[in-house]
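The structure under discussion is supplied below as structure tokens; questions concerning it will follow.
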Amino acid sequence: MEGERRPLLEVRNIVKRFGGLVAVNRVSMEVYPGEVVGLLGDNGAGKSTLIKVISGVYRPDEGQIFFEGREVRITSPMDAIRLGIETIYQDLALAENLNVYSNIFLGRERLKKLFNLIPVLDHEYMMQESKKVLDRLGIEIPSLRNKIKTLSGGQRQSVAISRSIYWNAKLLIMDEPTAALGVTEQRKVLNLVKTLSAQGVAIIIISHQLYDVFQVAHRLVVLRRGEKVGERLTHETNPDEIVSLMVGAELVEGGRRG
Amino acid sequence: MSRTQLVARIGRNWVVLFLFLLCVIFSFTGRGFLSLKTLNNILLTSSPALLLAAGETFVIITGGIDLSVGFVRGLISVISAIVIRDLYALGYSPYFAIFCGIVVGVLLGLLPGLVNGILVARFRVPPFIATLGMYGIANGLALRYSKGFPITFLPDEVGEIGNGFFFYLLPGRLFTVFEKPLGLTEAEARNLVGIVPYATVIAFALLFVFGFVLSKTQFGQHIYAIGGNIDAARRAGIPVEKHLIRVYVISSLFAAFSGVLSTLIFSIGTHTQFAASLELFAIAAVVIGGASLMGGKGSILGTALGVFVLSVLEVGFLMSGILPFYRYIAVGTILVFAVVIDQLFPEIVYD
Amino acid sequence: MRKILVALVLVTLVVGILVGGVFAEGKKPKIAWCPAISDPFYYMIGKGIADKCKELGLELFVAEYPKAWGPEVQVPILEAVAARGDIDVIITGPTSKDALIAPLKRIHDMGIEIITVDTYIGDGDYSKPSEYSFPLTFIGTDNFQGGVEIAHRLAEMIGKKGKVFVETTNPDVSSVVERVEGFKKGMSEYPDIEIVGVEYCLDIQEKAQQQVAAALAAHPDIVGIFGTNLYSAQGAYQAVVNAGLAGVVKIASWDATEDLIKALREGKVDLVLAQKPYEIGTLAVEAAYQYFVEGKEIPKRMVPGFFFFTRDNVDDPEAQQYIYRAD
Amino acid sequence: MERVMVGQKEWLYRLGRAWVAFFLLSEIVVFSIIGTGFFSARNFQNILVAATTILLLAAGETFVIITGGIDLSVGFVMGLACVVSAKIMVMLQAASVPQGLAILLGCAGALLFGLLPGLVNGALVAKLRVPPFIATFGMYGVAYGLSEILCNNVPISGLPPLVGFIGNGYLLYYLPGKALTFFGPPQGISRADIRAMILLFPNVFVFSIIAVAIFGFVLARTQFGQHIYAIGGNIDAARRAGIPVEKHLIRVYMISSFFAAMGGVMYTLRFVTGRADAGAARMLDSVVAVVIGGASLYGGTGSMVGSIIGTLIIAMLETGMVNLGLPTYNKYVYVGIILVLAVLIDQFFPEFVRKGE
């Protein structure tokens, strides 16, 4: 599916140093609309650093970032969000004391005028809208008026995701989405990922669980010690090869796709 | 030690410098500030505060807070005074009466802490609330038993112990131990200087013991662990609940010490009006002493320094003829600075 | 649901408001005693009031003895008592001569007569019409005169020369303010006597003790101290005893608590002025009785005298009646 | 570990949640039965008037506590505002400014001045990351010191007489069948009539409740309020959602000290004097009221209605005990117990989960 269309996100020769050590060294990769890219690597391989560069937490020391063809400077998480790059963190940035739809609209609440004078929260509207997006993504939550703290980990995650989708995120970055979830929940999340990509949302997924990644990802990018050591189409590779790339068991030639 | 380390060290011990600075300034501004009498005065009046703050230190290191100490102190002071008064009235020897008063006071002092601890540790009540509840309860009980006015009619020995000194010095003339020299002329009575108040010695002894427990024993180590990361502590197999309860008991035990001591010093059972907001100043002292309300940091020594900063300020302002209210402003400002400074200076890293 | 309950609460309140003012009015005057603070002096007034009420067969409601001195404590109590609706006279000691004017006026507007004892509102002169002339009468010691006499007696004791210090309670309480004024007036006649300071302990004995201790440190040559009420005086002599100056520094105290009398016997205090709280109490009730039952006009100010305790007369049988006994 | 209760019987659940309101009701009922003239217009209105101080402090504290902070300075900020307002009035009066104007300016000045401590608190908490407890405790000292210096330890007196008239007056004076006047009693009526007269809506309470209502609305219905809950619930989430958390916190602390200032002004009006210690005794009471009202010191929960109920519970208790002639020291004990119970109940009360809309 790639090639014929221009990439949604493209990073070129990204370098990020922390004092002495080079966390990310001249890494390039691109993500296409509707594509799910698995970002793999052992601890300290530089996955999360790269992610943080893309999501605006860190600023790269070298390299360029292109989004929808234009070169962009992402200097803060807000920049990234404005572009449509949303990161779903493990600790899920949700306010547990608020209900589902309030979280989906958090910070961008819909208001209505009381006696067309005083702006107040339009709960009804926010609820309906949230319902729509949840239905679209096939997420089931008994009542959107339930507080987040009463939801399961998987439900919370799907709320976080639908939140970013509602505010039309084009690229989702999911850091260990299935970690700390029950089996059924994991499956739900993975299905959700498929649904999203089917709807044209690009996704970068980081996970230690190769099995999960192989299920959903179209393409796999492998990092080791800050360098990109390989890139494979999922259907052209297998876990063993990927693992060997990750741990650097054997030298891999022709890693890059021409 | 590198330069940054040096800076960090100085920054982290700013309170010592500050205290020193205060003393220098006041010795210029305050008439007769730099004198044995004043020193002993500061030591004496700050003793109960020292105890109160020391107890609070333990709680604050666990990341909690104990608002009840002020009124627990008041309650214990009243109760011990009542015991002393009544036993004395019944014709027992004053020393026996005082002894009983102290024992009863200290023992009762264990209770509030036990309740606080159980509420905090077992029922997960926020420390602020649990101890605020106890604050009200102790206040009410103290008022009930004191009828709202000080417990008087204590034997003179009370005041003599509370305000006694180990040494008495009549400059150039004579020097006695334990006993005030008798048969002094009026002029001599005015010049007599007491050195090393009993009260202070008692306070310091207690501080030393518990300071040792906090800094040198496993028990103390675990308190820091709990304050640093309670889950980690739990996973490490520390009986967190039990530990927390003990900590709150220690805190109210110290409040009881403080109450008993204030009875001895003021030779009355002091009901709670005066105790109000004592707890806040204790907390202030602890924080100025380098503890963090987030828990995991703090030391008895630091707290002691904090207390002395406060009492030097009080006495110094008084003797410099500065309105006492400026003291509140000073305390408030210093308190905030303490925290800001603490955030400015990094942890010392040894390489 | 919560809202519904709130509504319910409000409804109850409103209902209350509507049925309000429909309660029975007592025919014979019912007296309420609202002390200013819990101390032996006020307990003595209370005793006087209680005995007199029994004697005249009047109903009496005794509000609690507040544990702290001040309007924010006293006013809610006064209002709650007034709101009982069965009260005709409130006898009280205003805790501030300014702050209590408005609240007492409001209670007076509810049709309840006010008698102020020990302390008064405004300048205490209810005879000429003014913002604060509504109370029935003020019954209390002539504090100014008392201050003057104490000054003279203390001056005698210290040989009419040297530094003296005043420990008092609040700067806005008529009674103690006048005592201090009187004391200054009296001392002004002695050129060799210097008043080195006036401290306010806010009715907290430990504070008084610390302030006097500090004063002794700052002025080691103080020869006399005047404690303007029981807490001030008790704290003052404790401080002097602790400084080992008992007998060296002369102490004149206002109010004859058992504690101060004991101190007088032991030579820790040298002069005790006893007001006549019991008499103040009985006078207050008589005034109310005369006003309501006999419809008499009553004087706007009544001044029972006072009594001086010295080591010489402290054991005289007729003196004993003037000692305040808390219980 | 959240306890949850699943089902549709939501009203039942809410009923349980509203136990505080029940508690208040039962308080009213009990005191009305055993008390004398407790269940009466005057008494309830007195309670409301007496409650204004706690009510206002608690209203401000509610905002702060919902953000997960605490404001210890309200008591003395109230004192400061009280002194400032009194001082302004006295000065203007001396400058022979008409009473009404002097009072108006005095109140306005104090209220404006009252925003300052909040600004400082907020800046310290939001910008310098000073723990709220410390920042506001610092302000506690500064505010108290300042106010005592301003009035150099002597409560300010000699205010325009109109002050007390406003502060202790009512909106409505109704003499059944005879007269109905606003803002002041009808002229020339006998002492007997005065007693029969019904006074409605104490001015002080009316002022306070208006302010409380407005801010209660802001908290419950507006975006500003919603964001306060968000900050208290998960400050990082709030940040990521693009809420200007720092600015918001500063505003919250300003609201808190504004209410404190209002408390001070009301005190001036009621007692016609400026006292530095006006609110000292009520600071912690206000926190208690908020917590009894269902707020958590961990932030994220709480409501104005709850705080009002909490306030009334305390006020009813105080007045009720005086009415019965009971010594109020027991009140401290009871309040302490109620406080802890409130938190325990809140903690062990399950979260409600709807099965569907």
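The chains carry the letters A, B, C and D, assigned in the order they are written, with residues numbered from 1 in each.
FYI, a residue touches a chain if its C-beta (ideal position, glycine included) is under 8 Å from a C-beta of that chain, and two chains touch if they have at least 3 such contacts.
What you are looking at is a predicted structure, and each value in this text was computed from that prediction instead of being measured.
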After subunit D is dropped from the contact network, which chains belong to the same connected group? A | B, C
Keeping to the contact definition above, tell me which chains border both subunit A and subunit C. D
Return the chain whose centre of C-alpha atoms lies at maximal distance from the corresponding centre of subunit C. A
Select the chain whose centre, defined as the mean of its C-alpha atoms, is least distant from the mean of all protein C-alpha atoms. D
Please work out which of C-D and B-D is bridged by more C-beta pairs in contact, and write that pair. C-D
Measuring from the mean C-alpha position of subunit A to the mean C-alpha position of subunit B, what distance in angstrom results? 54
Per the C-alpha means, the centres of subunit B and subunit D lie apart by a whole-Å value of 33
Averaging over Cα atoms per chain, report the distance between subunit A and subunit D in Å. 46
Of all the residues in subunit D, which ones touch at least 2 other chains? 153, 327, 329
Multi-chain contact residues (two or more partners), subunit C: 65-68
Would you mind listing the residues of subunit B that make contact with two or more other chains? 143, 148
Please categorise the chain-chain contact pattern as a line, ring, star, complete graph or other. other
Would you mind giving me the full set of chain pairs in touch? A-D, B-C, B-D, C-D
Would you mind writing out the residues of subunit C in touch with subunit B in their complex? 37-40, 65-68, 203-207, 209-210, 213-214, 217-218, 220-221, 231, 234, 238, 241-242, 244-245, 248, 257-259, 262, 326
Listed in rising order, subunit B residues that touch subunit C in their complex are 31-32, 37-38, 41, 45, 143, 147-150, 152-153, 156, 159, 162-163, 180, 186, 189-192, 262, 266-268, 270-271, 273-274, 315, 318-319
If we count contacts the way the header does, which residues on subunit B are in touch with subunit D in the complex? 65, 67, 119, 123-126, 128-130, 132-137, 139-141, 143-144, 148, 280, 283-284, 287, 292-294, 323, 325-333, 335-336, 339-340, 343
Along subunit A, where are the residues that touch subunit D in the complex? 77-78, 81, 91, 93-98, 102-103, 106-109, 111, 114, 118-121, 142-147, 149-150
Of subunit D, residues touching subunit A in the complex: 2, 4, 221-223, 226-227, 229-230, 232-234, 236-238, 240-243, 300-301, 351-357
